[in-house]
Structures are given as C-alpha cells and as structure tokens.
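You will see two complexes here that share chain A, one where it goes with chain B and one where it goes with chain C.
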Partner chain A sequence: MKTSRMNRTNKWPYLFITPYFLFYAVFSLFPIFFTLYLSFTDWDLFGNKNFVGFDNYVQLFMHDKFFWTSLWNVLVFIACYLPALVLIGMLIASLIESKLIRRKTFFRLSFFSAYMTTPVAIGIIFALLFDWQGGFVNNLFIELGWIQDKVNWLGSPAWARWIVIMMIFWKNLGYFIMFYAAGMASIDTSIYEAAEIDGASAKSVFFRITIPLLKPINLFLIITSIIGGLQLVEEPMLLYSGWASGTSMTGGPDGSVFTPIWYMFDASFSGSSFKYGKGAAIAYSTFLFIALFSLMGIKWLNRDGDST
Partner chain B sequence: MKTQKWLLIIVLTVVSLLFLFPFYMMFAMGTYYSEALFKKLPILPSGYLLDNLKTILSADFLRTYWNSFYVAVLFTFVSVLMSALTGFAFGKYEFKGKKWLYGFILLTMMIPGQLGLIAFVMEMKWFHLNNSHAPLIIAGLNNAFCVFFMTQFVQSSVPMEVVESARIDGCTEPGIFSRIVIPFLLPAISTLGLICFLGSWNNYLLPLVTINKPELYTLPLGIANLSTRYRTDYSASILGLTLGTLPLIVLFLFGSKTLVRGLTGGAVKG
Partner chain C sequence: MQKDFRKKLSWSTLMGLMLCVSLVLSACGGSNEGGNSNSSSSPEASSENGSDAAENGKLIVWGWDKGSHDKLMTEFSKNHPNIQVEYVEVSAKDYLKKIQTSIASGSELPDIIWAEAAQRGAIYELNVLEDLGAAPYNFDKSTLLDFEVPLLTNSKGQLVALDQQVAPGAVAYKRELAKQYLGTDDPDQLASMFQSWDDFAQKGKDVYDQSQGKVTMFASLMDAYTILSNQMTEPFVDGNKVNKAEMLDLFNKLQMLRDTNNEAKLSMWSPSWSASYSQDNVIFYPAANWSPEFVIKPNDKNSSGAWGLTVPPGGGFTYGGTSVGIWKDSKQKEAAWTYLKGTYGSEEGAEVSFKGMQAILPLKSVFDDTSKLASGPDEFFGGQDLNKFWVEKVFPSIKAKPVTKYDQDVYAASEIVLQTMAQDNNFDANQALEKWSEEMKKNHPELTIE
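On to the complex of A and B.
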C-alpha cells in the first residue's frame, strides 16, 4: 500500500520544484557565476573580452582609493547608526509596549511608515530639506537665529555623512521597533511579575531581563543590518542626484558618501565607462567583505552568551 | 503613576511626530506654488495642489503609475505562485535529495542580490529583454526567501490528513495543490504578497539599468527623473513623490498586521 502510493506520487514533488530550480539556474546561478568570470576579464561595452586574471582585484585592492573610501564610508555609517538603532529602538519599543500605553498601533505605525517609503523618495526629501539655498533646514535655522549664513550641508563631506546616517536611522528605526515590540510581546509576563515581586527596578529589569531575552532578535537585526548596510546605495545616490542645488555628483563631496555598490553601478553602467569586468570585481570584493563582517558580527554576538 | 503615564505619552508623541515630519513636509511641499517653495517655511499646506496635480498628470505620470502597478502585480503573482508550489513540494512530500535541495535554497538566501546583477543585465540584453518590463518580473521567479517562508508555512499549517484523504478520494496531485493546499495558504499568501508588492514597487536599481525609455519607467525611476524633466516645477515633482508613496501607505494601513507578522515572523518565535 505504502509503496504503491509512493510510486504514484513520487514524480510530483520533482515536477513541482523543477520550475523554481530551472529559473534559479538561468536567472540567478548563471549570472552569479558569470559575474565571477567577468571579474577576471576586462569585458566592457566596447568589445574587450580578454582574460586578465586577478588584474581587476589587484587594481582594486592595491591602487584604487575609491574602493577603499567607499568601503570605509559604509563601515563608518554602520558604526554610527547601528548602535543607535539598537539602543533607541529597544528603548522606544519598551516604552510603546509598556502597560501604560494604550494606543500602541498609532506609535508603531508612525515609526514604521518611513520604512515603507520608497528609498528614492527618502533621498530626494532629504536633499530638498538640506538644500543650500532654499532648503527647509537652512530657512528654519536662520528664522530661529541659530545660524547667520546658510550652511552648504550637502557640499560638506562631514555633514554629508551625518545626513546619510540620519536618513538610514530615520528609515530603519521603525523596522527595529517592530522587531523589538514583537519580541517583547512574546516574553512571558510571569518573568516580569516575578522580578517585580523581588523588587527589581525598571532599569535592572530592562538590562537584566529584556535585553538578554531579545538576544536572538538582536542577532538577526545586527547581522542583516551589516549585510544590508554594506550594500547601501539608493539613499546616498538619490541624495546627490541633482534635486537640490548643485548636488549632482557621484559619491558626494570628496566621495564622502560613496558606497561600494554605487561604485559598482558607476563602473559598469554609467555613461562613460561600462567596465563590466571592473564592476564584477567590485561586486565580488564587496561580497567578500560582507561575508567577513557578518561572520565577525556573529562571532562577536555569540562570544560568551550572557551579554547583549 | 498618572503623571508618569502622561509624560510617557507626551514623549512618545513628540518623538513620533518628529519622525513623521519629513513625510509631512513632502505632503505640504507638494501643495505649494513652485516659486514660493524656497522663499519661506512651507509648513502649512498651500492652495496649489490642484494645479500641481494637473502638471503631473499632463506629464505622463499616469503611465508611470500604471507601469509600476502592473509590474508589481505580476511580480507578486509569480513570486507567490512559484514559492507556494515549491514550498508545497518541500513541506508535504518525502523525496530523494530533498534535504540537499532545501539546504541549497537556504544557502542561496545568504547571497546578496546585487552579486550577479551585472551578468543578469547582460543576459537580459542577449535575450533582447532589456527595455521591457520582463526583467523586473523575471526577478520574482526565483526568490529563495519566499520559498523558505512558504515551506515553513506549509509545514505548520497544512494538515497532512487533509492531503491524504484528498489523495484517497482520487484527487490528482496538482488538484490537491490548487484546490486543497492553496486555501490553507491564504494567510501566508497575503503576507508574502504584501512584502513582494512592496519590494517591486520600491525597486529602483534594476529598472535603472535595464530600462531607458521614459514610457517604460516605473515610479521610482520616473520620480528620480522628474527633476531633470521638469526642473522648473519643483512642487509638482514633489507631489509626484507623494503620489508614489500614497499607495504604500494605504496598503500598509489595511495590511499592517499581516505585513509585520510576515517581516518579523522569521526572527521572532516565541
């Protein structure tokens, strides 16, 4: 009985998964391997297809200031916004989830709305808010008397970085809050009641109970943020796409907000170069660093188990 | 306790309003006359909404809207169908090589999406699919995350007895999938559908490198190019931004619970 049923059904699972694997092979696996091959060639739009070995990588790692700048930039961004997202995210989530707040949905929604917004729109809104001549921020600060002359926010490398960090923070805080709120809701309330009976202060409950119990969520959020953060591209790209006055430049002032994936796009698809080989090498090098930093992150978060 | 509560509410309200502010600015700025936009602080909405709307509508914006909409619908449809089918096979059958194949899917989930992009774009050119919407929809055919999500859901929510009894009643395997399993999957389908729709609607990079005909532009691309096409009319362009974000907000208001459950479901488990 059992074998006959197996015989009748055993071709079906294969038939059901075949389309997916077929499409995956053609539209994902092949491009991934072909990009690897491209990275060892000088392939471009103009007909070069020579195998050049590790030339692209040597060029990138030894002689390319832009690559290291772009990598450094995204690491600086992550180092600034990630701790802030984790701490402030947990704090606000615990405020929203506390027994005193009834209308939780409104707060959750207002923070989360930024996460839904098209990254393109976020880049453009911030470009307009920080516009040199007519931007809202300059006008407001002058009105309030905080500054005398208009500040060229987007023209200064240091401010440009802070603006990008702020954008990412603004965009992702709601996402973090969502996760923390979901995690806090799933913590057994009897643990809190026991702590209350034992006379634990709100502070020590937060640090000794809430944070340790949120560890799996933190692991997930931090690792995915590192992976996503190294691939940052749309927000800074749109910030400097020419919406605000004089901001049409690749990488921002002095390349201060240049990112690896932006570099990849610039090398392979921008008007003048179309160097697929170089772009492919950038893609693979970035991937290497993504793997490296996420492994480091996992190691660090799992170091002994009682903190974070 | 009472003062503490009100303090908390006030703090949270102030912070969340601060977070909504850039949004609000976007809405407000879209209602201004372009010349007035940069002269004073555009805090309160002005009366130019309809004029700006006219400018936008005359600028082929509706076509861009439609492009984005139908691409997102098709993308969502193929992603959900493909992942439901694959997830059903992984969740409810035993077959040789299943462990390896599923492990392979989990492994590919870790690969960043940008890695194969350059070759994907070249491939699309070889197939003469560049400058069409096909690449944007094809991208939905092989989403490892969706398959993972569906497999989890199939395992936990489709009772094996139901599948078995349908089989005994003589239902064919495809019939079991379409008539028995799909109804069980509806919650997962709506969650995944929302996530996929959001992803496609917001996608900027792929259309940027595969499409260069303005009549094929999707919203993010159209919005990014509004400034170069209608340089003089800032507020109309900003209204374009607002209109591009609006459907997401509506979608979110109706589906926030589902969406949040879907996004957090993988990481938060009891």
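On to the complex of A and C.
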C-alpha cells in the first residue's frame, strides 16, 4: 500500500519532465551521437559512406595545417580582446555607476546597442569601412594626409586579425559593461560606506572591494567568452563572404581569420567537397578544445579557492 | 524489491518511449528517400497513361529568377495548358547547399533542378539528374552547338541537362576612353588591334602610363581571370589530376597583366567595382549576353551611347548561364520532360524562349536563319545590334571546357590567390600555383598536382 502511493507520487514529476527530455533526445542527443558517428566515416554525398575509424582525426591533428591555423587564430583573438574587454568593461562600468555620471541609462544603452546589432550588419559595416579602394577609412586617412597610398586593410593578414578583434571588442563591450554595472549595483553600499569611513582611497576601493566582489561575474564572462570565442564564425565569415566586399575569401588573407567552425562549414557545406565526415571531426575536435580551455579558465580563476 | 523493480520498469519504459519517438522522428527524413526511389515512376513505366501523363501535372522548380521564369511560362502555357509549374525561390548562391542538405537529409528535390555555371559540375556529380540522352528521353546531343555539349555532360559522359540559353562572353568597353587612349571606339578595329594577350597587356601599359595611372584596361585581376579561365579548353581538373600546365599558363598571363598595370585593384562584384562602371577609370569589363541588362545598365544608368561590345584576344567564351535537368526520382518525369523539351530542348522551345525571354537556345537549328535573332540597334551601346554581335562575332570563336565538380572551389581558390597577387608585386605565377594548390587540397586531398 505504501509502495504504490510512493510510486504514484513519483510518477508525475517524471511525466512532466518527459516532453523536455523527448525533445532533448531528438534534437540534441541524437544529433550529438550521430555527429560522433559521422566523424568516423568518409561520407561525402558522392557515393562514399565508409567507416574509416580515426582517420579524419589523424588527418586533422597530424597533417592539416588549416585546422591548427584556425585554432591558433581564435586563441590569438581571445588573448587580445578578452583582457581588453574585462579591463575596459570594468572601468567604464565603474564610471557609469559612479557619482560622476548622471543619466546612467543613456550610457548603458548606448554601449549595449552594439551588442544588439546582428553579426551580418557588423560584418557588412566593417567590410565597407575597411574596403581597399572605396572604403571610408582609407578615404578619410588620405583626406587627413595621414597616409599617401590606400592600405589594403582586409588584404593584409595582420590587419585582418586586428579588424576582427576590433569587431568583437566593439560588439561585446556593451555586454561586459552591462554585467559589470549590474554586479556593481548589487554590491551592498554599506561596504563602500565602511571603506569610506576607514579612509580608503577610490583606487583601493576599486581594487580591494569592487574587483574581488565581481569575481563570480568575471568567472561567468570569461568562461562564456572562451566558449564563444572558440566557436567564433559569423564576424570573420561575413567580413570575407563577398556580400559587402565582392570577392569572397575563405579564411581571409593567408587564412589569418579562419576559425574552426568556419572550417567545419567550409568542409561540409560551403564548397563542393561535401566532406561531412571531416566536418563532424572538426566539430568534435573543437568541442574538445572548448572543454579543455574552459576547464583551464575555471581552474585559473578559482586558483585561490571557491568561485564565490 | 518490488519498488526497485517498478522504479526500474518506469525508467526503462520512459527511456524506451524516448528512444522510440526519437527514432521515429529522426527517421522521417530517411523514409522519404526510400519512398521516392521505390515509387518514382519512369516515363516508360507509366506509358499506359501515354500522353496524359506527359501533358498533365504540377511540377516543382527551384530557381532564382522568377521574372524570367514567369515570362517563359506565359509562352509555354499556351502550348501545354495542363502542365503547371510551382516556382520556389532559392538564391543562386545557396542553391548547391540547399540541394546537398536535401540529399543528405533524404528530403525531396524539385522535379526541375537548375544549375548555375560554377556549380553545375558538382550538381551533375551528385547523381540526382536523369540521363537525357538515354531512353525514354533520347535527346540527340548532335542537335546542340558543339561547345555546349561539355557544359551539359557529367563525368560519365551522360548529358544530364539543357541550357536555358547560350551565354556567350566577350568584353564591354567604354567608348570615350577607348577613343582617347586606344585611338578608336570601333568594335572591329579594337578586336583586330589585340591579336594576343601580350599585345593587350602592352597596350594596357601604355594606357596606364599615358593617363598617369588613372586609367587601366581592367578593374581587377578577377575580371581578367573570368575571361582567361573561360577561354580554356581543358578542364581545370582531369579525374583527380590538376591540369598544372594550364593553370600555370593562366597565372602567368595574369601575372603579366598585373606587372603591366592592366588592373585597378578593385574587388570584382564589390560596391566600388560596380561604381567604377559609371566612372572613367576602367576601359574593359568581361561581358556576357546577360551583362547589359543585369550589370552594365543598372550600374551606369544615366549614360547612353557610352558603351560598346568587342571580342577580346583569344576569342569568345562562355560566361555564366544556367542549365536545367530533371530529378531522377521525380514522380512526374513525363511532364517534366515535356516542360524541358518545350522550353529549352526543341524548336518549339526555341520559339517559346525567344518570345518569352529573348533568349537564344544553343540549338543548331536556331542558327539556320540568324536574321530572325537580330535585336535591332541599341542606343545604350552606340547603336550596336547586340544579338547580331553575339551571333556573328562571338559564336564562331566560342570555346568551352568540360565542367568538373571542382569548378566552384577552383573559383574560390583563385579569388584568394589573385587577391594576394594584386597587392604583392613580388608574388609570381609559380607562387600563385603553389598557394592555389594548397587551397584546393584543403578539402580535396585526393587531388594530384604533377
């Protein structure tokens, strides 16, 4: 009697969460395992669909410089824009939240609006700005007399990287500011008041109170940025898609802005090679690196103890 | 014990249920594929219905030019009122992606499949098109102009599509600039001025020097590549083997044009490239018979009589164009063939195409009496009769090369290489070939380059 009642009460929660798990099974779990299976095949729509074991992975890790270049690129991007976003984001947020600034909402919104812009628009805007012959930046610099000959910004590997870094920085700054501002607003004002009474300078308040108390927010922003950064694809792809610049260039000049996910798209769908097996292997390898770098990030941020 | 058992049971029931649903849902796509191949009817199989099946049906076509399609259908429907065509817009750029994802997921393709110039090789190789030369279609490929056949044939030698129209290519030029820097704006004199690409490049150097770097022959290396690569008669890739000598020759010519300042370093199809049509800095642009309507006039709206068409060194070539085939698992192959024949594959089709879209089909019979094809003087082109130009000046010298599944990637790799060549004067043809090969091998490791 007791048992059956237990069962009745136990059944309902499971029943209610079943729809979610059904969707999860069909739209997530199945694709995840199917992609894993695909990565062990040479499926290419031209008649091949053979099991090839770890061949795709061996090829990728041992013989494919494009894969390593793409991975290196995204790591370089993250290394450049993430510290800048954290530092400048925190600085601007503390300015906005300080007593010096009135009309805080206006400033919050103006920084955040870039984040609301779609990557497609950002890609096209930057492609038009930095166009070699007709771009705004070149024309402006020539008018101002800063340069004599037009610079092929998007044609130079180094500039191409900086432009992508700039795009991501510009887009995400508002997002970082938003989080930091929210974090700062949630810090109990009595802590600041106590510090003020104790005679702490603004600098030591910022470094000894604000930054340590923002640690959970930093952890969240840094880890999600690492994940997002390794999955980067829209910005560089749209910059070189040919929609705005006419000529499309997979990976940018010398593959300088090629990213792993772009490579996956390129191998599987974009050209005429239709290498689904290889694309799946790139997807899984990228996932492994995302897991690795995220773990490293968490460990590093938590090196002095608990995350909170 | 009993509780544990029940608990296990309910868990395993749930898991089982989830698995069943997921399998059923995920197999939805797959079942289509099987279903289609089993139930697909060939014209022969349903011959009992005879002309009924050939004259009735609702076909689905994926295309990217509704305007032309509608005009064509107005004419076609007069001859075959019971064949309806449902047109679905798919952009040319995404067409191949849409086809391949449909195949991969096992969903249905349209009865009528289009293939754009650079993508046709790949679409032909996907084994989704009917062999039109075989029974029951038995289309006689000798009725086509000779240069058309390699453009419509897959690697097995099967004719799998028909062209919507001939797409001859030549060059358009700005009359004012030609008169000023080349001494004439007469199309025939210009054509005879350049016997070879060396002559052209040399003249281009003079133009550049004379104008103090303001005027160039071409807008970009890709413009020159468009002409030169389409003038080739050998495929880029033969089986798995890259035609190294041909590719090197191509890059050598492009390097020569770069070294003699024959290009303005614009990016082909970019906004600044389009804007250059209405400026006075570039003399020549590659042009097909579709270019006046879709490229030149829209980009240079206000000028009239400013343009001309002439034949480039090396002669005419095929530039762009769309071919059309029948899906091999279509359930309405008879109606599809009536449509294809009645629009692109017969004298009836030639009439329909010409009336509907002013399009000239690549059938030999069409050229028996070319006087019908004249389009009259075009004021925008200084009174040139454009159709007459294509028929009389370009067709005799047109060459074409077999299409391959690599064509689209060849174009993409060349774009990358020519960007570098345009901006780095030390980057030579050999380096270009090396970089190009690397790009090609990225997703096609099976290619050999010897």
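Before moving on, here are some points about what is shown:
Assume the second predicted complex is superposed on the first by the 284 of 308 C-alpha atoms of A that agree within 3 Å, B and C clash if a C-alpha of one lies under 4 Å from a C-alpha of the other, contacts with A are read in each partner's own complex, and residues count from 1 in each chain.
Methods note: a residue touches a chain if its C-beta (ideal position, glycine included) is under 8 Å from a C-beta of that chain, and two chains touch if they have at least 3 such contacts.
Bear in mind the structure is a predicted one, so any value in this text is a computation, not a measurement.
Residue contacts after overlaying the shared chain place A:155 against chain C, while chain B stays out of touching range. By the document's definition of touching, of the two partners only chain C reaches A:250; chain B does not.
More residues of chain A lie in contact with B than with the other chain of the pair chain B and chain C.
Looking at the shared chain after the overlay, A:30 reaches both chain B and chain C.
Contact with both chain B and chain C is seen for A:131 once the two complexes are overlaid on the shared chain. With both structures placed on the common chain, the touch criterion links A:21 to chain B and to chain C.
Of the two partner chains, chain C is the only one touched by A:59; chain B is not. Contact with neither chain B nor chain C is seen for A:51 once the two complexes are overlaid on the shared chain. Of the two partner chains, both chain B and chain C are touched by A:276.
Once chain A of one complex is fitted onto chain A of the other, the partner contacts of A:287 are limited to chain B, with no touch recorded for chain C. When both complexes are aligned on chain A by C-alpha atoms, chain A residues 10, 14, 21, 30, 34, 128, 131, 133-134, 242, 269, 276 touch chain B in the first and chain C in the second. Against chain A, in their complex, chain C makes its touches with residues 2-3, 6-7, 10, 14, 17-19, 21-22, 25-26, 96-97, 100-101, 103-104, 119, 121-122, 125-127, 220, 222, 264-273, 275, 405-409, 412, 415-416, 419-420, 422-423, 439, 442-445. Against chain B, the residues of chain A that register as touching in their complex are 5, 9-10, 12-14, 16-17, 19-21, 23-24, 27-28, 30-35, 38, 92, 95-96, 98, 100-101, 105-114, 116-122, 124-126, 128-129, 131, 133-136, 139-140, 143, 170, 173-175, 178-179, 182-183, 186, 216-217, 220-221, 227, 231, 233-234, 238, 241-243, 261, 264-265, 268-269, 276, 279-280, 283-284, 286-287, 290.
The residues of chain B lying in touch with chain A in their complex are 1, 4-5, 8-9, 11-13, 15-17, 19-20, 22-23, 25-26, 29, 37-42, 82-83, 85-86, 88-90, 93, 95, 98, 101, 108, 111-123, 138-139, 141-142, 144, 147, 167, 173-174, 177, 198, 201-202, 204-205, 208-209, 219-220, 223-224, 227-228, 234, 237-238, 241, 244-245, 248-249, 252-253, 256, 260, 263-264, 266-270.
If you check the complex, the residues on chain A that touch chain C are 3, 6-7, 10-11, 14, 18, 21-22, 25-26, 29-30, 34, 45-47, 59, 66, 128, 131-134, 152, 155-156, 242, 244-251, 253-254, 266-267, 269-276, 278.
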